[in-house]
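Note that subunit A is present in both complexes that follow, paired respectively with subunit B and with subunit C.
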Partner chain A sequence: MSESKTASPVPERRSGALLQWLERRKAWLFAAIVLIILPHVPGLDGNFGRSLLSQMGIAAVFALSYNLLLGQTGLLSFGHAVYFGLGGYAGIHLMRAINAGLPIPMPLVPLAGAATGLAFGMLFGALTTRRAGVVFALISLGVGELVFAAMRILQGFSGGEEGITANRGMGPHPFGLTFGPQLQVYYVIVFWSAMAAALMAAFLRTPAGRMCNAVRDNPERAAFIGYDPVRIRFVVFCVAAMFAGLAGGLHALNYEIVAAEAVGAGRSGTVLLMAYIGGVHSFFGAVLGAVTITWLQVSLSDYTTAWQLYLGLFFIAVVLFAPGGLSGLLLMHRPILGTRAFLHVVKSYAIAALPALAAAAGAIMLLEINYRRATQPDTGARMRLFWMDVDTSSVWPWLSAIALLAGGAFLFNRCRRLVANAWQQASDEARTVGGMQREPRP
Partner chain B sequence: MLEIITFSLLNGVVYGLLLFMVSSGLTLIFSLMGVLNFAHASMFMLGAYFSYQIGTWIGFWPALVIAPLLVGAIGAAVERYGLRHVHKQGHVAEILFTFGLAYLVAESVIMIWGRNPIENRVPAVIDFPAFLLFGTSYPAYKVLMMAISVGMFAFLYLAFRRTRLGLIIRAALTHPEMVGALGHDVPRIFVLVFAIGSALAGLAGVIGGFALLTEPSMAAALGPIVFVVVVVGGLGSITGAFIASMLIGIIQTFAVSLDYSLLDLLRVFHVVVSSDSAFHEVAAVKIAQAAPLIPYLLLVVILIFRPRGLLGRRDA
Partner chain C sequence: MKDARASRGCVLQLRDLHKRFGATPIIRGVSLDIDQGERHAIIGPNGAGKSTLFNLVSGLFAPSAGSIRLDGEPIEGFSPFEIYRRGLARSFQVTNIFPRLSVFENIRCSVLWSLGYRYSFKRDVAKLSDANARTGEVLEQIGMSARRDVRAGVLTYAEQRALEIGITIAGNARVILLDEPTAGMSRAEAARAVSLIRTISVGRTLVMVEHDMGVVFDLADRISVLVYGEIIATDAPTRIRENPAVRAAYLGTGPGNL
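After this line comes the complex of A and B, so read on.
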């Protein structure tokens, strides 16, 4: 449904022009079709799958808006959830008004979130974007704490920790759509997410959007060619806040509840993790990060209570070893994709993966046993781990975990040379065959 | 009234000194390396947990010395084996590394001591009334907190001003290249300063742990306030951090004892806000309720009127 919307504003003078336009937007069209089909794919066609997809869509908009700040403009914010949460509150209050009889269809609720996000973005942005870098990061943190504390105090407006609720099914039903079933909500979310993604991509192609990168890379030079960095930062901050508010509105529509944690530091941290783990240097990275982290949150929290620890470890590993994030890791392979030696690279990955998995299994065993003993001491010494019954009071689980970890790490270290050799071969080939200019990183 | 003012002032000074102990380390690290250490409040938390653990094993007095040293060692390791490798990727990567580290420390604390607050009581050796004031006794451990923080600062001040090592560190703050050119190992100074800053936070954790609640979220609760102190005081200014710590410590302590709201003020001027207006909810908030907001409001006010902080230089 999103391609018909994005296609309509184009003048259809000749069919050739239309075809050309479609050709240029192949990736978007493909994404739109996938998004429409996804909730009917077996495995995702249940309520759980559709709800997971809806969460991913919301997270993707939120992470993309964060990418405008961190990735495009170099503004590290620790309080981006403020605009998400306030947008969510605007959405939930509008939904309550609709429940009380206001004749507005439910799918328009996210727009109220966007407007609120924009309004607060302008208010706080005027205050915070005067400084960049470390000071901006600190101030965004302070504003985040301010709004969070205010939301906890103003119980009547925010409902505090319990939150306030509304019913998305009660209101006008255009075309017989009640918006009760998750599938209908999913399509509403997909529509707004696709719109938001397209608009953000379009924004980055405007002069103001291009100047974001200039302000990120060299604010002084940007000022010399006549663009005030403070002003550019302010504009992009407002745009990012608006889309964060839209995501908040979608959140209100999806969950029918908004609580104080929606503006809290935890959510601000999560969106930072999403955008960074996905990779801040590409637009697509934020979506990848949002989808990955949402999936991890939902699936890992079923298996282990320590999932935040794994998320933290994962994040530190990305900061230390893959500053380009997941998308950076993927894009790294583009130059060697067509080479014959690419097969060797894949093979070396497969070989290196075995000891890596063993080491990870050992580490997970150690962490899980420790975590269980510390947080649930009353459940006794027996626990299930990797589909096995383990007695944590005996020495064997500990010894085998340490052996797995040490042995896996040792062998993995040996495998690194294998991977490096395969890479060298592949990049040599790519350079001689394709006349590659860029030196791929090993 | 005088009684409330005196006690609030005393408690405010104790809290302010505690804040300064944490924020001075953060400022020191920032001005030397330009690194904003998000895991700094985690060092505070580690100090509290370590002192509790060591205290149950061998008593409070050894813990008072060993716990900060341990935390300092951890800080040194973080700089040497973590931050130094991220350094080449720029400041954002450094901040993110310490941000992730704060996450990990909180989770590790949960893994070792559990999710619930631990019973970190005031040790019996210092739990007695120190003196009587207006018929109310003032606890000795608060006096000790004050004495330890003041003593620590006196020691550090003298060490910085009067020793050769202090001279080198002060020189490295402003002219790292020149200090390096003169043959001093600047990276080692970095490790040392990181260790000192962390140990200071750890010491604050030892004496603050039993005054506040020792729980896995205490770092997340204190961290933002310390950052506010640093921004309000002016990034990189130790004196500014001291003024801001005292200001926030005292204002926040006073606010807790003030049971008035905007409604009460308006009533003095014979303005009545009807209870069904939207403004009523905001106006009815008592100052005591709004106490957690105050540091952040102060931050906003400072940003509007003096963006570089109280004693900050223009180009921080």
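After this line comes the complex of A and C, so read on.
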């Protein structure tokens, strides 16, 4: 019964130490290699692709920092952009100083963002972390509005809604790097993002980081094992604000402009969306959410002016049907991954996907037609929909859209049993296989 | 007997303790000395204020009046974590664990402060060999080693009660308050809990609130009877059984219960 693993590691031989070190950091090394290669992959090797990747990196740091609050400590903030934006302003002002002759290389700019985020995190955190729950959420909203208003008033510092600009190419050029090309900026962003992600993961493994989870689960009991929940919340709040500030500094470096919206409620809402859609229960859910939402923001807006509507629908769908977020959906499959029935599950997904796509197509047609008629009634009845010319004054587009939606929904509903059966089979198999593996017990 | 207690010294001292909620007095002048190393049970009818008394001593509530001394130092009105750091830990009547953490994590979080790690964010918990070893020890003691990786929220009720005690004792507090440790347990489960409590109370001072008289008379060195916020008797179990005031207070439920 007492098969308790003790944490003392197997004694390492010196020659094997490096290999072991590599073995333990396999996932990180793999990620690093992927990140280095990505901007050279066809399709992403243009300016657009590299800029998209840069944006994703910044969003990932921001979302990870947000998840320290929401997922790890249970603090719902509506004002996390405050630290992002103020970090961004610190970054852009440092860049202007460098433009004016300050001999600091541009890649160090994000550190000014981090320091500023930390400073304001300590300032506002001392106020806001005294209480958790609704009170914390409301105060964070208030602080967010306050700082946004301040940024609009302090035109000299913030440039208001137009923002202030700087030039990342003007400054010291170490090793001949100008930081003008997007590729160089991408690598600077990847460096800081990977650093930030590793540090945040490490933070969660420290005593203070573990106690964040304990305070999230049960602040009252945390106090009865020696910890002050307010102090824990304050510590994590400062750490989260610091990394949000770093993300803001990266933002300044990437866009060479920071405006008042950087501290605004819109950005605070977006990071909440990213963290939640990615899944708050796992560390890398935030990265997944940041990547997905950034990609949707950039690519959807190319296809439709109603993209925010789809983003909202997507968010609602995740909240209702997948509260664990995208990472939750993925991790759900871990127990059945090795089973033979897993193939059946995949097959059932593929079958269910067909009617789901049909229903989605129908829904999109209806939305697009109505959106167009509501927002641009003067452009006439003809419009392009899915590479087709459609006359919205005739009955056919409407009928086919409704048919697709209704038929797809009906068939999808029937497919759900197929999926459920495949799942049942797979989890039964996983249980028996798992049972056999666990057999050698006295 | 009295002299023997005096020589061991008094760990926890309550003097004329009062607690009112609004106009309603719940604790009405409790004075009590808990001796070093004794197992002390507090019994009394429902609504007598037993849990409130624990909440005052452990810092969940501040008393309206009166004093509480731990090792001679006043602690009344201190916050729970300050009292814990001075060596007093408690369990709860309603299970109060960290539901989304594993059993192992529940215990490890509970040993961190006592081992001096405080709010450190420089060390990796996986490498804190003393914390992990102590966690293993506690898991063994409460019989949960085989369940170490299970999420605490999905444990059975009896397992959660055992974990509750594990969290309480993990930090090696010198004074332990247990609030109805066997509440809601079957006979067999309660028997296991009693033997667990007996083991963990070795070398510690134990104060417990308990309804099960079998458990109380089995474990306690001394018993205090709390009725309507006042202690009407404190004595050895045999003498409590014969005490006329106690019998009168328990008349409603029948003296057979004692």
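The rule we apply is simple: the second predicted complex is superposed on the first by the 422 of 442 C-alpha atoms of A that agree within 3 Å, B and C clash if a C-alpha of one lies under 4 Å from a C-alpha of the other, contacts with A are read in each partner's own complex, and residues count from 1 in each chain.
Keep in mind that, in the parts below, a contact is a pair of C-beta atoms (placed from the backbone, for glycine too) under 8 Å apart; a residue touches a chain by one contact, two chains touch by 3 or more.
This one's a predicted model, so the numbers in the text were calculated from it and none came from an experiment.
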Contacts of A:I232 with subunit B and subunit C, given as first, second, both or neither: second
Partner chain(s) touched by A:T206 [first = subunit B, second = subunit C, both, neither]: second
Contacts of A:W398 with subunit B and subunit C, given as first, second, both or neither: neither
Partner chain(s) touched by A:L141 [first = subunit B, second = subunit C, both, neither]: first
Subunit B versus subunit C as contact partner of A:Y349, first or second or both or neither: neither
Partner contacting more residues of subunit A (subunit B vs subunit C): B
Subunit B and subunit C contact sites that coincide on subunit A, given as residue numbers: none
Residue ranges of subunit B touching subunit A (in the complex, touch as defined): 30, 34, 36, 82, 85-86, 89, 91-93, 95-97, 99-101, 103-104, 107-108, 110-115, 220, 224, 227-228, 230-231, 235, 281-282, 285, 289-290, 292-293, 295-297, 299-300, 303-304, 307, 316
Parts of subunit C lying in touch with subunit A, wherever the complex brings them together: 58-60, 79-81, 84-85, 89-90, 92, 96-101, 105, 108-110, 112-114, 117-129, 132-133, 136, 139-140, 145-146, 148, 167-168, 170-171
Residues of subunit A touching subunit C in the complex: 1-4, 6-8, 202-203, 205-211, 213-214, 216-218, 220-228, 231-232, 235, 239
In the complex, subunit A residues that touch subunit B: 70, 74, 76, 78, 127-128, 130-131, 133-135, 137-139, 141-146, 149-150, 153-157, 265, 269, 272, 276, 306, 308-309, 311-313, 315-316, 319-320, 323, 367, 370-371, 374-375, 377
